[in-house]
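These notes open a run of structures that come right after.
Each of the next two complexes has chain A plus one more chain, namely chain B in the first and chain C in the second.
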Partner chain A sequence: MGSKINKSYYGYFFIAPFFIGFAVFGLAPILYTLYLSFMKWDGFNAPVYVGFANYTRLLHDSFFYQSIWNTLLIWVLSNTPQLILALLLALILNEKFIRGKHFFRAVYFFPQIITPVTLGVIFSLMFDWQTGSINKILMYLGIVHDPVNWFNSPWWSRLIASAVICWQYFGFNMIVFIAGLQSISNEVYEAASIDGATKKQTALHITLPLLRPVFLFVFITSVIGGLQLFDAPLMLGDGPGNTSRTMVMYLYETAFKNFDYSYGAAVAYGIFIVVMFFTAITARASKLKD
Partner chain B sequence: MAKVLTRGILYLFLIIVAATCLIPFYSMIITSTHTNSDIARKLLLLPGDQFVDNYNRLKDTVNIWRGFGNTLFITVISTLINVYFAALAGYGFSKYDFKYRGVLFLVVLGTMMIPGQLGIIGFFKLVNSLNMLNTYWPLILPSIHNAFGIFLMRQFADSSVPTEIIESGRMDGYGELQIFNRIVLPIMAPALATLGIFAFIGKWNDFLTPMIVLFDNNLQTLPVMIASLKSQFTSDFGAQYVGIVISVVPVLVFFSFMSKRIIDGVAAGAVKG
Partner chain C sequence: MKTTTKKWLTTATSVVLAAGLLAGCGTSNNNNTTNTGDTNAGGNNATTNTGTNNGGTQALSGKLVIWTFFDQVKDMAEQFHAKNPGVTVDVKMFPGDQYQTKLLTALQSGKDVPDIFDLERGYIGKFIDSQFLTDLSAKGGDDLVKDYIPYVQALGRSTDGKLKAISDHSSPGGFWYQKDIAKKYLGTDDPDKISDMVSSWDKIIELGKKVAADSGGKEHLIQNAGDLFDIEAYNTQPWVKDGKLTIDPKWQTVYENQLKIRANNVDAKLPFMSAGWGNALNDGSVVLTSMPAWAGFMIDNKDNKANGKFGVAKTPEGFYVGGTYRGIYSKSPNQDLAYEFIKYIAGTEWQQHNLEKTGNMPGNGAVYEANLDTYKSPFFGEQNILKPYYESVKAMPAIQPDKYGEDILSKWRKAAGDGIANNSSYDDVVAAFKKEVKNTFPEVSVD
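The block that comes next holds the complex of A and B.
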């Protein structure tokens, strides 16, 4: 035992690289961004202190509010069908009689590992109004007579962005749900069937309540991820009147296209507050149900 | 009879969803083999013979294989760094009973809650002041801090690395770091592989950071090149589709070999999280 106590402090050396790496590449940039958000800086001249001017501007910036609204809409439109589909497929694939489980699971999961940028480009080509395959199929089937200009409509732009997200991530959530289902022990189900519970009763009163921690995990990851949508929506464009521009797209455009770094820094903190707010609401709402 | 019907409907549903997942990729591969005029006018369902022509036009403008190689280089180095330092810290948290261990571990977990883009402007400025713009350092070095990796590795070290083996290493006169490198790392190999796959996929798909820190076309990564296809080939759809095929097919091949491992890893990570 003596040697163990003497060696304990070696632990600090083992964890030090993480803390040094985080301090330099994680914390320092975050603090520097905070500092910049109180400055006026164009990237060339020395930054000038302007107090809360950037935040005052942010509070009156209708583009920022619009991007919050767009992000929330795309998040709801993509996550609602995504979670329903994921749960449904998880319940089906958890049935014993289904064959080819591994194949289905692998196929559903596949879009998740494709580069989001590439998926954005694929969908923007598929929905291209002159050359895209979607319009050709719809015209071939006689559903529409003239090609639909999808990206000229605010709602179609948002729906297509939501569809990409839903399509990419439902497989991931399905795997998480399956893992949750499989962690419920068989004894619980056996007890239920001895008590004469029907399949529907078992699902509603046993499976769903026992999945609650899994739901919490899925909701929180989907809030944190969903409010930071960027790669795929950027490829689909801002939409007419910026109606499909997300918060992070607005941050990117402000800082790295218009080179307004200091205002971009304030936007970054604005996004941070919005994300924290919705994460807290989700965590709170899931706890209240208990 | 009703049972057969229900099962039939369930299978039909599974197959329709599977088709929805695969058709965009099929369509993209098929489309990449046709001429621009056919792509613009027809609904294409069968392969054509124009892939090489489309590929040559793509290659003349965009050095796509260079981008592929750059991404592979960055991804491999980052993954090695990521996995090694996550294992190092995870093992440190697991086997050394130092002061403030619990608090420090909570700090590590807390860093996972910070949205990735919060510090991106400061990161750009930092990289600029370190004279690292247009180099791979800002893409590789941050891999040292991977909180999720530490969490996974600590779980694994807690359950699968016996303390006796460390003691026996000390008896043999090994230093602490030698014990980790020679004895513990090989035991942690399964966890290293799982984390390595996630780190690899994440880095391979990385887009925002290379886009803002790299300017030189010859240094650029594949996702950034794919993102610029649309503006570079406005009406040359054939070339765009070939670019997408080059971005997707290697991942498809990789996934077809590794799918079981990847999916099991996701499931394990989710249950523990």
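The block that comes next holds the complex of A and C.
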């Protein structure tokens, strides 16, 4: 059947740039990382083949497990409020009667365009134990008597890291939600209002169900993004007993601070498997709902 | 059929998404392993350097490429060029902490490699035993450092005692104080008397209690209990001996003192070089700030308002913070010319110039000796600041760097720092510390 289709090869030239770019900057490093993970290499001497030694070490590495746990906690703590906030604001800013909604959409999106490193530094200064503005305000208001050592508490460290991420991305998700809301046909709402549905009924039974594909998109991207948390938490530090060190921070410290490139490569593959696992779960969950 | 397609799609999506992540990680890896191509177009293109024998008067010519993270190397190159107009010195500066990754990458690939490269105290231990550094002892380098401050020359030596790198400065530290604040809380602004008042940690704790009480808890004697890490770091035994982790028993005393300092409100709890730390240094809310001689840029000297305002006293034990070392790449074709450069910066002429121009303390003891009674620095008015620095720095033990020292020290800072904040027992700190070391360096045996 397909024999008459014109199978011109020119098409390949047009798609080649992407594949060449991916092969050089994506695939080659991925494979090189795999190669390194079977070596012992500190960057000073020639790599030595060690088989699965790095992976065996990884399986027994309690610090790695701790970093997975930290990442998940920070992810949950940042994404739950972030998605709720984004959805609520999207619903509100999508209402016709709100004035200046374009202004608010822009304002809520602003944090997204700040680099995470800057945000991390700002938050670490704000929450500084001795000189941070938060402690100054709390003490001025008489809420606390002594300054709170935020970064000496595992939960506060994680919460602050989560707050940075939440604050940075809620605007982006809000825009995605608004786009989703605007793609819902007006006819459905008109039909509902003719049938006498209340605002609450419309929101619960029309808007939310029709928004589900958008919700899934936001959720999956946040799983991928959330598990790669790095820059902002890095600026806030490891936390007491490494309680706010994320997986990618651990990778960075191993490979580029301790120059243990080979073990770092194994950690990278460990992270890959963790992310695969959670992405698969998310994908499976989204399928179940269909 | 439809479900299979969907299943396939789901799997494919997750693979692609996850691959995207890995590509993210992988790419950064890639950047650090393959970016030598764009790092330096210079390379070793000197063709006409004339080999000179030491002390020869023959005019030098050729081209040297130096890699550094420190902008004052440019002045060094200019001064050298002024003396040797036939030599072009190309200084490539890579600020920030990407320098060492960049350097390592270039050295590994052997392409576009500098003739001379700088190494910071923080990681010199990792490079010192590598094959990348030329043995300067074989070129007569020991002679260049014979008058050096013992600790400064030792830091450029490999495990087998050979000289591999030389620094042109020392980085001694002391207690800096504002004279009027010291007079108010300590009753004197005389550096010798203050040095006496704080000659031991016990004295500091007692004095700190008094300062806190006199000021109603508003004024603190020192910045941070954590400063003791800096001061004791190189007054203790190396962390790894014969592949085994050893914790100098002195650390226990240090830790106990740190707990006492924290418990008695002796410190302002401000971390070194943090914003609050800088403010306290300038507004005088901390009496004594332990800091290295090179950190004068932290003082706000708008319209010369800080001139003559400060004094410097000795810390209970001498200390130093940082240091930049310079070595010759072992495969550089310009070995002899590079050695002439090293010789120049190790000499008194450059170090005298550097002291006068930037206030950086010399590494050469002869330069200290020559300036002890004459050198004045604007912040310190009439005080001969070389004296306290020289006395304390001269007494510091000469310890060769090793690949573990700095990393393990930072693990200790972390474990003990957490301990101070939580008032933990020494045993808990040691246990947390050992766990960290064991995890990062599985090859080091830990009890």
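Points worth noting:
The definition used in the following text is that the second predicted complex is superposed on the first by the 282 of 290 C-alpha atoms of A that agree within 3 Å, B and C clash if a C-alpha of one lies under 4 Å from a C-alpha of the other, contacts with A are read in each partner's own complex, and residues count from 1 in each chain.
Keep in mind that, in the parts below, a residue touches a chain if its C-beta (ideal position, glycine included) is under 8 Å from a C-beta of that chain, and two chains touch if they have at least 3 such contacts.
Keep in mind it's a predicted model, so treat the numbers as computed, not measured.
Superposition of the two complexes onto chain A shows a clash between chain B and chain C. In the superposed pair of complexes, A:P209 makes contact with neither chain B nor chain C.
With both structures placed on the common chain, the touch criterion links A:N149 to chain C but leaves chain B unconnected. Of the two partner chains placed by superposition, only chain B is touched by A:F172; chain C is not. In the superposed pair of complexes, A:I224 makes contact with chain B and with chain C alike. Contacts of A:Y140 after superposition on the shared chain: chain B is touched, whereas chain C is not. When the two structures are aligned on the shared chain, A:T131 is found in touch with chain B and with chain C. Once chain A of one complex is fitted onto chain A of the other, the partner contacts of A:V275 extend to both chain B and chain C. Of the two partner chains, both chain B and chain C are touched by A:F256. Set side by side, chain B and chain C differ in how many residues of chain A they touch, and the one touching more is B.
Taking the listed stretches 271-279, 325-333 or 343-351 of chain C in turn, the superposition on chain A shows a clash with chain B for 271-279 alone. Where the contact sets of chain A with chain B and with chain C meet, they give residues 22, 25-26, 28-30, 32-33, 125, 130-131, 224, 227-228, 248, 251, 255-256, 265, 268, 271-272, 275, 279. Contact residues on chain A toward chain B in their complex (touch as defined above): 3-5, 7-15, 17-22, 24-36, 85, 89, 92-93, 95, 97-98, 102-111, 113-118, 120-126, 130-131, 133, 136-137, 140, 167, 171-172, 175-176, 178-180, 182-183, 214, 217, 224, 227-228, 230-231, 234-235, 248, 251-252, 255-256, 261, 264-265, 268-269, 271-272, 275, 279.
Residues 6, 10-11, 13-15, 17-27, 29-30, 32-33, 101, 104, 108, 126-127, 130-132, 268-270, 274-276, 279, 407, 414, 418, 421-422, 432, 439-440, 442 of chain C are the ones that touch chain A when the two sit in their complex.
Considering their complex, residues 22, 25-26, 28-30, 32-33, 43-45, 57, 61-63, 125, 128-131, 149, 152, 220, 224, 227-228, 238, 240-241, 248, 251, 254-260, 265, 268, 271-272, 275-276, 279-280, 283-284, 287 of chain A touch chain C. Listed in rising order, the residues of chain B touching chain A in the complex are 7, 10-11, 13-14, 17-18, 20-22, 24, 27-28, 31, 39-40, 42-44, 85, 88-89, 91-93, 95-98, 101, 104, 108, 111, 113-126, 138, 141-142, 144-147, 150, 167, 170, 176-177, 180, 201, 204-205, 207-208, 211-212, 222-224, 226-227, 229-230, 237, 240-241, 244, 247-248, 251-252, 255, 259-260, 262-263, 266-268, 270-271, 273.
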